[in-house]
Amino acid sequence: MNVIECNGLTKAYFRKNVLNGLTFTIEENKITGLIGRNGVGKTTLVKILAGLIKETSGEVRVFEQHPFNNLYTSANTILVDDQMFFPPALQLHELLEVAQSFYPNWDMELAQRLLQYFSFDPSHYHQTLSKGRTSTFNMIIGLASRCSVTILDEPTTGMDEAVRKDFYRALMKDYLAHPRTILISSHHLNEIEDILEDVLLIKNGKTLLHESISDLKEWAIALQGASTVVQKWLVERNCIFQRQVGKDTLYAVVRDDFTKENKEEALRGGVEFIPVKASDLCVYLTNDTKGGIDDVFER
Amino acid sequence: MSSNVSLVETVKKQYAFKMKAYIDAFSSLVGIQFIAFLFSLGGGSSSMGTSDGYHFELKFYSADLVIIFTFIWIFVTAITITTKPYRNQDFTFVTNRMSSSLSNILFLLSASLLGAFTAVLSRFLIQTVAYFLLKEDLYIASVMTSEMMIGITVSLLYVFWISSIGYFVGTLVQIHKGFALLIPVIVIGSLFYDGFMQRDAMLLDTVSILFFRVIDGPVCD
Amino acid sequence: MTFAALIPMAVIVALPLLFFIVRVKKKVTHWLLVVYIGVLLLSVVAAFFIKSDEPEITDRPRDDLYEMLYSGEIYAKGSNLLLKEDSFPIEGEKVRVTSSYGDESSSVYIERKTEDDQKMDVLAYGSFSIAKLDVAEEIVLPAVQLKDGTLTIVYPEYQKLKTSIVMNEFTIEQFTGNKKYNSEFQIDGPILLVRIPPDLEIEADSTTELISIDEWK
């Protein structure tokens, strides 16, 4: 069953399209990573999915309903980001109680154990928390609410390394016990790579790639070898990324559509095939130029 | 795993949430009424003396000022809850725009009720302090229970009405910031305009008719 | 308001308050509210122990004291304004009038009766009100005494009168149609009218000016 469906989704701010005909579907109980560089509309997209803002055009469906201003979506979706507003008059433990009253699947025991584990003082106020602590607390709300659709927008902002690891582990464990549709947006794949099933790559407000993480790992391959030889193999192939490695050696990333014979031939020619890490591939794919930052310096 | 929610249920939950979250409004109510209470104790006296040996002094006590201050309080409170941080709080939890507004209205109604009730009762506090602490001899206008009820009800309606004006103004300002400038300009401008045209200020007339006109014939005997 | 009327009000307040005390976790603001409402309710109870008068507003137009006086009709028409009446039997043919009135001389109005009843009547007229409240009763009037053919008038000291009125709130008045108070003051008099038999001889010392009102009729 598809929980989230987007078809030609467009959102314009001041006539500038942030989302530009985005089309994708997300199945139930999958963990999907929403990857893209800063400013490609990830936040806009998740806000539309959570029903906070309205799309300009196109179709968007969450639980087969239009999410904007929709109570059903609001009750079954939670968006966790560092912009969550909590009333300044309430203490942390009161915020948990409020959340409990709103979210039907709320797990208070989990929330309190997490609060204790991350050594929050329940009588503190949300405003007084530091950036990383705010993210941690918001994440606790997000996990304990057990919403059918849980959207985490840059959830680890400001968290230190140990908390980050704990957080992803907690997310994974809770997901296994209570499967639900989770969408994690991040500009960095490598830290969430291990827990993702699917990756949705966005560039310029459009879906660039929507693959499972295992497919993504085999989606592209890097060729490394003498420039002239490698260049020959790049002919008629769409080179995703290339970099000069030392003198006369070229490193180039292309879509892995080599046949077995191709590969053997290339190997004989001195070309080395290197697997491309999914996170690197995402960086290469979302770059506007083939050479990355190097292009700026090479003229 | 997804669950259905009804509008009524959501409004109830949001109302309960707001009564907790907007609690600071109630502390400021107590503060503002206390200030009005102090003013009421001090103000409102006039005197007259004659050459042949008489000096008369007159002092009025009433909770009118407390009620007026309560109007100001609810107006500010109503505007405050339309501002962005307050709206965003709603959307952290389960809501849509309808339930958010409905629960705001319920909250304002509750706040108005509390404000009107305490404002009208503060008359007894003023009276008690004037008598026991200031040792004043008092003439006290009689008030029957039914009249107290009328007083509380009428005050409630006024306070709630003012809150709706505040909520409306606040919402306009949220739609476009220009209203924050436009509304005071219209209000103050109309006073000046009527002044230039050498006539009574329409706005003040309206207000005084609304608040101070005695409705003909006693409603309760 | 009667004491019994407190009961429904107490119930109205107590129920939500009870609910609140039992159910809600309390914060400073809650206590502030509880204390505030508590103080208000206590003051309602305390208000029952206040001894006070209800202001009696007389809306009838006040008779003009001086107009009546100068038309010579004060005795005939001024019973409303009469504050005190003393009557002394007269011995002898002549009465002297003296008064204590600081530096200036005081005026005493003389009217001759038509028949001789061997009595001298001293009448004090005046009209005193604050905000339409009649305060004449609280005014100390000149003390008058006739002894050994001398009428002595002792004027009181400087008098200060303070009135405090607790008004109903405009939200009540608007619908009950009660009268509004204003800050009018009225201080007329007191004037003394001495009515004497037709042929009694009367004279005053420098402290007092005798004015006959008989010619004004």
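Which chain is which? They are A, B and C, in the order written, and residues in each are numbered from 1.
Note that a residue touches a chain if its C-beta (ideal position, glycine included) is under 8 Å from a C-beta of that chain, and two chains touch if they have at least 3 such contacts.
Here the structure is a predicted model, which is why all the values come from computation and not from measurement.
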Identity of the most central chain, Cα criterion: B
Chain-chain pair with the highest tally of contacting C-beta pairs: B-C
Longest centre-to-centre distance from chain A, chain (CA-based): C
Intercentroid distance (Cα basis), chain C paired with chain A, Å: 87
Inter-chain centre distance, chain A versus chain B - centres from mean C-alpha coordinates, in Å: 50
Distance from chain C to chain B - Cα centre to Cα centre, in angstrom: 38
Numbers and ranges of chain A residues touching at least 2 other chains: 94
Contacts with 2+ other chains: residues of chain C: none
Where chain B touches two or more other chains, by residue: 23-24
Sites on chain B touched by chain C in the complex: 23-24, 26-27, 30, 33-34, 46, 48, 50, 53-64, 67, 114, 117-118, 120-132, 136-145, 147-148, 150-151, 154-155, 158, 211-220
Residues on chain B engaged by chain A in the complex (per definition of touch): 1-7, 10, 13, 16-17, 20-24, 85, 88-89, 91-99
Contact footprint of chain B on chain A as seen in their complex: 51-52, 63, 69-72, 74-76, 83-87, 89-90, 94, 98-99, 101-105, 146, 148, 178, 180
Partner chain B, residues of chain C touching it in the complex: 1-2, 5, 8-9, 13, 27-30, 32-33, 36-37, 39-41, 43-44, 46-47, 50, 52-55, 128, 130-131, 133, 135, 139, 155-178, 180-181, 183, 185, 187
